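The same chain A turns up in both complexes below, where it pairs with chain B and then with chain C.
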Partner chain A sequence: MRYVLELVIYPGFIFATAVGLLTSWFERKVSALVQWRKGPPVLQPLYDLVKLAGKETLVSERANSAGFLLAPFLGFAGAIVASLILWNANLGRSFLGDSIVLLYLLVLPALAVILGGLASGNPIAILGATRELKLVLAYEVPLVLAVIVAILKADSLLLHRLGNTITIGSLSGVLAFFVALLAVQVKLGFAPFDIAEAETELIAGPYIEYSGPPLAVFKLTHAMLLFILPLFLVTLFLGGIDFRGLGWLWGILKYLGVVLAIVLIKNTNPRLRIDQAIRFFWRYGLGLALLALVLAIIGDQVGLRWL
Partner chain B sequence: MAAWSEPGLWLLLLPFGGAIVSPLLGLASRRLRNGFVGLAALGTLALGLLALLRLDGGRLALVSLPQYHIIFRLDPLSALMATLISLLGAAAAFFSFRYMEHYPRLNQYYALLMLFLGAMIGAVLAGELFTMFVLWELMTLAAFFLVIFDERPESMAAGIKYLVMSEAGALAMLAGMILIQQLAGITDILELKRTRALADPWLASMLWLFLLGLGVKAGMAPLHTWLPDAHPAAPSPISALLSGVMIKVGLFWMLRIFFEMLPPILTWQLVLGLLGAGTILVGGLVALVQTDIKRLIAYSSVSQVGYIILGLGLATSLGTAGALYHLVNHALFKGLLFLGAGAIIYRCGTRNLEELGGLARRMPLTFACFLIAALSLAGVPPLGGFYSKWMIYQALVESKLAIAPLLLGAALAGTALTLAYILKVVFAAFFGEETAASRDAREVGPTMAIPLGLLAALCIHLGVYPAWPIRHLIEPAVGWFRLVGVWNAPLATGLLLLGLAVGLLVYLFPRAIKLRPVPLFLGGESMAGEDTRVRGTEIYGSLMSLTALAKLYHQQSLGKLDIYNITRGIRGGLTKALRWAHSGLLPNYVAWVAVGLIVLLFLILGGGPR
Partner chain C sequence: MASAGSKTRTSPWQAWGISRSPWVYHLATGTCNNCDIELLDCLTPRYDLERFGIKLVGSPRHADVLMVTGMMNRKCLPRFIAVCRQVPKPYIIVALGACGANKGIFHDSYNTVGPVERVVREIMKEDTIVVNVPGCPPKPEAIILGVVKGLKLLQERRR
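So, the complex of A and B:
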């Protein structure tokens, strides 16, 4: 029962959604300021969701309707369990191997988008879904290597140990953080890696046939990801959130800093082509991540903490 | 010496009996033969389960004739393997009834199938090196005849390739066995394990020969190249057996030798770790660009074998437990994938992914089972594949090897590759536009659907509730390891299911589910048939055109990286030498026989080597 409450209210669904929607507003406000606009009110993301949830559900005639309608929940379930695990880890409660579980759970939202797009039967959605698939293939390997650097620095798979280690205090940690930040940018589908959605050419890609509640679930998942992924970076690389004394304030600053970096990257870069993105991640991303990993292994074996 | 009252012994004998009786029945009636084969397969499965439960973690000698080098023994590990083989065997037998109905010479087919099952069960129950070798060869031969069963030229070529590579490996292994017998004087597995005789540096070097033989069978890169040729050539139920269990027999013996008989040795940890990681990446990268559904799944087997070898190579209890659990999982989901591919081929008549599409609506049950297997293969929680891969990762993190983080990176990268190639199959076959081949497809009948459903249910069970199999199947086999109490897979799984439920509630809250069908939105464009069909085989086009990969793929597609082709010169020379001996002239043969007789007589009368 405790788990049900945790999952539904705090730190699961309601909490992650609330923070996610606030972050979403922050993202929109900062984007607006960068673009010399005023920006929406605080509750605007919530209004959008409620409005969508009240709309009709349209299903295209060529869709595989079961797959089409169930796909959003796969990502949604992955996101709430991920937020539960991640927040609990920051509170000092983690279980063996939770970082690997988390990595897997964070693939679920992308998988949901891909399956949903493929099931919708729309060639444009299918194009978008295959792009998403290729992006997963492109960023997942560098991201995993970056996470391994953090694991090596903390010498543990336990998330709360990872949270207690300031990975970025070393050379390999800085490199790994940079790679992971870019991977998170793709996971969030933000420019310059919004290639799957590409509203100007693919008209929202995999989401094109979605409407009403299923689309709301996708938006909700995205809002939660906006909370989870920056927190993931903070936990793995920046020493996590410490709830003793005023530590939580410092933690929130770290979190907002990461979000700000993501939003600024989003607003100052044009979209890449899919082949450019793959090449970027496989050449520079993989190269940097491997370099970081080798440095970290050397540092670990020789005993140089700063490497 | 044989324990006649033990189910384990009958488990060993029943398939061989079936192999003899089924063709005789087949002469009388087709239905009688099929019924008998079905019963024999189910009986084997029942005996396997019974033996496994009665064993209860102990050890049991089934046949013990050490003076003739014949020992069969049941222990937790071999009982688990034998049960797994009989399970997949039963699934394949039932699947065959409809799938094979248009093939000729079915009496031979079922006899070979039962022989293959019996040989595999024997090869895992063998408790002595030479016993194992005989059954190993029987298994290879039965598999060879099943691979070439339809006698098309490409099947013949694939079969010959399989036979040549397997036999080269088997000969290497035989040499290793003879050397062990000569140097250590022990061939009993238990004795070898107890005395740790192989830890002697001289004997340990014999292990390279074993690695060669077992590696070929297991599909370890770079010795894997027979596998993607032989699997598609064989009928689908046989592919399921080849990939589901036969390559596992090779892995099983790797586990026996490298984990049970050796203390952890750094060299072997490095060798197996690097070979495993290499196998994962090679298999995954090549699978990505295949267009033949069975060939793609075959390469996927290569990749997954890499995980098992990697887990074994760590030589820790946890690593081996992860490897063994992955072996069990892989047997189930890969068997299911091949049977699912078989169902598609049966209904659509093509293996080419390019000609398939839109089957999710035509064959919903096949689709559901295939998707479960695919997600389990990709390691998506809460399915079985996730749990076993996670155990291997955990073992890698705990390992003291300096290169363990790199191996972990390769293993996790392999997971992304897995997801990519298996989604390609799911998309190309089941989603998208319908094609000429898939337009008239229907769901398969019950004898094909039940094996699919059963395997899918097991895939889910092993992931949702891993505690029972871990405690009762894996732990007795590899020894105690620290893991089960701490990790909370049921919890995480429960949470995930709960998450799905919460999602559905949110979904249903605004309105009772009410859908309105609408035409596709294409931004004003029109859908004009083939032009707008996105082919599943094209989705990785932009990956293949990356310069570095493009070169590798090109070389690979020409077969230049294939060890079978690289060694063509050597094989040609050997063939020439043998051809000289096989002149076809009777007097020459008689002369050879006489020479052989004289040598034999000399050895026997002269006392011979002891």
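So, the complex of A and C:
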């Protein structure tokens, strides 16, 4: 019973949704301010969801309807469990290897987008899904290497222990954080890596055939990812959220700082082509991550904490 | 396809949701591009329609407001009907500009099948709300007013 409550209410579904929607508003508001506009009201992401829930669900004739309608929930389930594990780790409840479980869970939303796009039977959606697949192949290896740097620094696989170590206080930590930040940018589908759902060329990419409640589930998953992924970075590299005393305030500031960095990168960069993005991640992303890893290993062997 | 005379049912919360976040799909049916430019003007920082949750979307499946510009020529008619079928209900149509509202200078043209409202009522036989926004081109304020009136109609139609 306790687990069900945790999954549905506090660190799980409702909590992650609320924080995710607020962060989603923050993202839109900051984008609006960058563009010298006023921006939407605080509850706008919620209005969008309510609206979408009330619309008709259309399934195209060429779609595989089971895969098409189930795919959004796959990513949704992954996001809920990921938020549960991450928040519990920050609260001090961690189990062996949860950082690895989290890495697997964070692939699920991307996988859901790919499956949904491929099942929808629309050529543009299939193009978007293949691009998403290529992006996953491009960013996943640098991201895992960056996480390994954090694990080396903390000398532990426990997310809680990772959260207590300020990895970014070292040279390799800074490099790994930079690589992980860019990987998160791709995971969120923000410019310059919004190649899969490129509005101006692929319209909405994998989401093009979705309408009504399934689209709402995708939007909800994206909002939750907007909560999970910055928190993931904060936990891994910036020392996590400490709930003793006023530590949570400092934690929220760190979280908002990471979100702000992501949104500013989104608003100041044009979209890359898919080949440019893959080349970027395999050449510079992988290179930087490997360099960070080598530095971390040397620092670990020689005993230099700053390396 | 909805049969003639059938009323589309819209529950209050559906209409409320749409009035809070109307996503606009822009469909051009033979325009001179003037109305399209005015429509894009609405999204600029000066008018900033995102304040009201209005967003331009690329797929008719995401749309709540179908913004139709142009005089609806014969080639465009089947495309227009196909797009209307792809918009999830409930939705409203806004016919933009003099041409969309009453054919404008194409009044006696052989190539036009008439204003948007006539196409929806007489050819498609549907009772979707159609708002006409006249003007050549209409001002952004007029476009916003048209959308607001359409959404009000949608909320009044709740039964």
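Keep this in mind: the second predicted complex is superposed on the first by the 307 of 307 C-alpha atoms of A that agree within 3 Å, B and C clash if a C-alpha of one lies under 4 Å from a C-alpha of the other, contacts with A are read in each partner's own complex, and residues count from 1 in each chain.
The rule is simple: contacts are C-beta pairs under 8 Å (C-beta built on N, C-alpha and C of every residue); 3 or more make two chains touch, one makes a residue touch a chain.
Keep in mind the model is a prediction, meaning the values are calculated, not measured.
Partners chain B and chain C, brought together by superposition on chain A, fit side by side with no clash.
In the superposition on chain A, A:T268 contacts neither chain B nor chain C. In the superposition on chain A, A:L108 contacts chain B only, with no contact to chain C. Of the two partner chains placed by superposition, only chain C is touched by A:L215; chain B is not. When the shared chain is aligned, chain B comes close enough to touch A:F73, but chain C does not.
Partner contacting the larger number of chain A residues, of chain B and chain C: B. Shared-chain residue A:W282: touches chain B; no touch with chain C.
In the superposed pair of complexes, A:A32 makes contact with chain C only, with no contact to chain B. Of the two partner chains placed by the overlay, only chain B lies in contact with A:E140; chain C stays clear of it.
When the shared chain is aligned, chain C comes close enough to touch A:P40, but chain B does not.
The minimum CA-CA separation between chain B and chain C in the overlaid arrangement is 6 Å, rounded to the whole angstrom.
In the superposition on chain A, the residues of chain A contacted by chain B and by chain C overlap at 53-54, 56-58, 203, 208-209. Residues of chain C that touch chain A in their complex: 11, 13-14, 16-18, 20-21, 45, 48, 50-51, 53, 57-59, 61-62, 64, 86, 88-90. Residues 360-361, 379-381, 386, 390, 393-394, 397, 402-403, 405-406, 408-409, 412-413, 415-417, 419-420, 423-424, 426-427, 430-433, 483, 486-488, 491-492, 494-500, 502-504, 506-507, 509-511, 513-523, 527, 532-534, 539-540, 542-543, 545-546 of chain B are the ones that touch chain A when the two sit in their complex.
If you check the complex, the residues on chain A that touch chain C are 28, 32, 35-41, 44, 47-48, 50-58, 199, 203-204, 207-212, 215. Partner chain B is touched in their complex by these residues of chain A: 3-4, 7-8, 13, 53-54, 56-62, 64-65, 67, 69, 72-74, 76-78, 80-81, 84-85, 95-97, 100-101, 103-105, 107-108, 111, 114-115, 118-119, 121-124, 126-127, 129-130, 133-134, 136-137, 140-141, 144-145, 148, 151-152, 156-157, 203, 208-209, 213-214, 217, 220, 274-275, 278-279, 282, 293, 296-297, 301.
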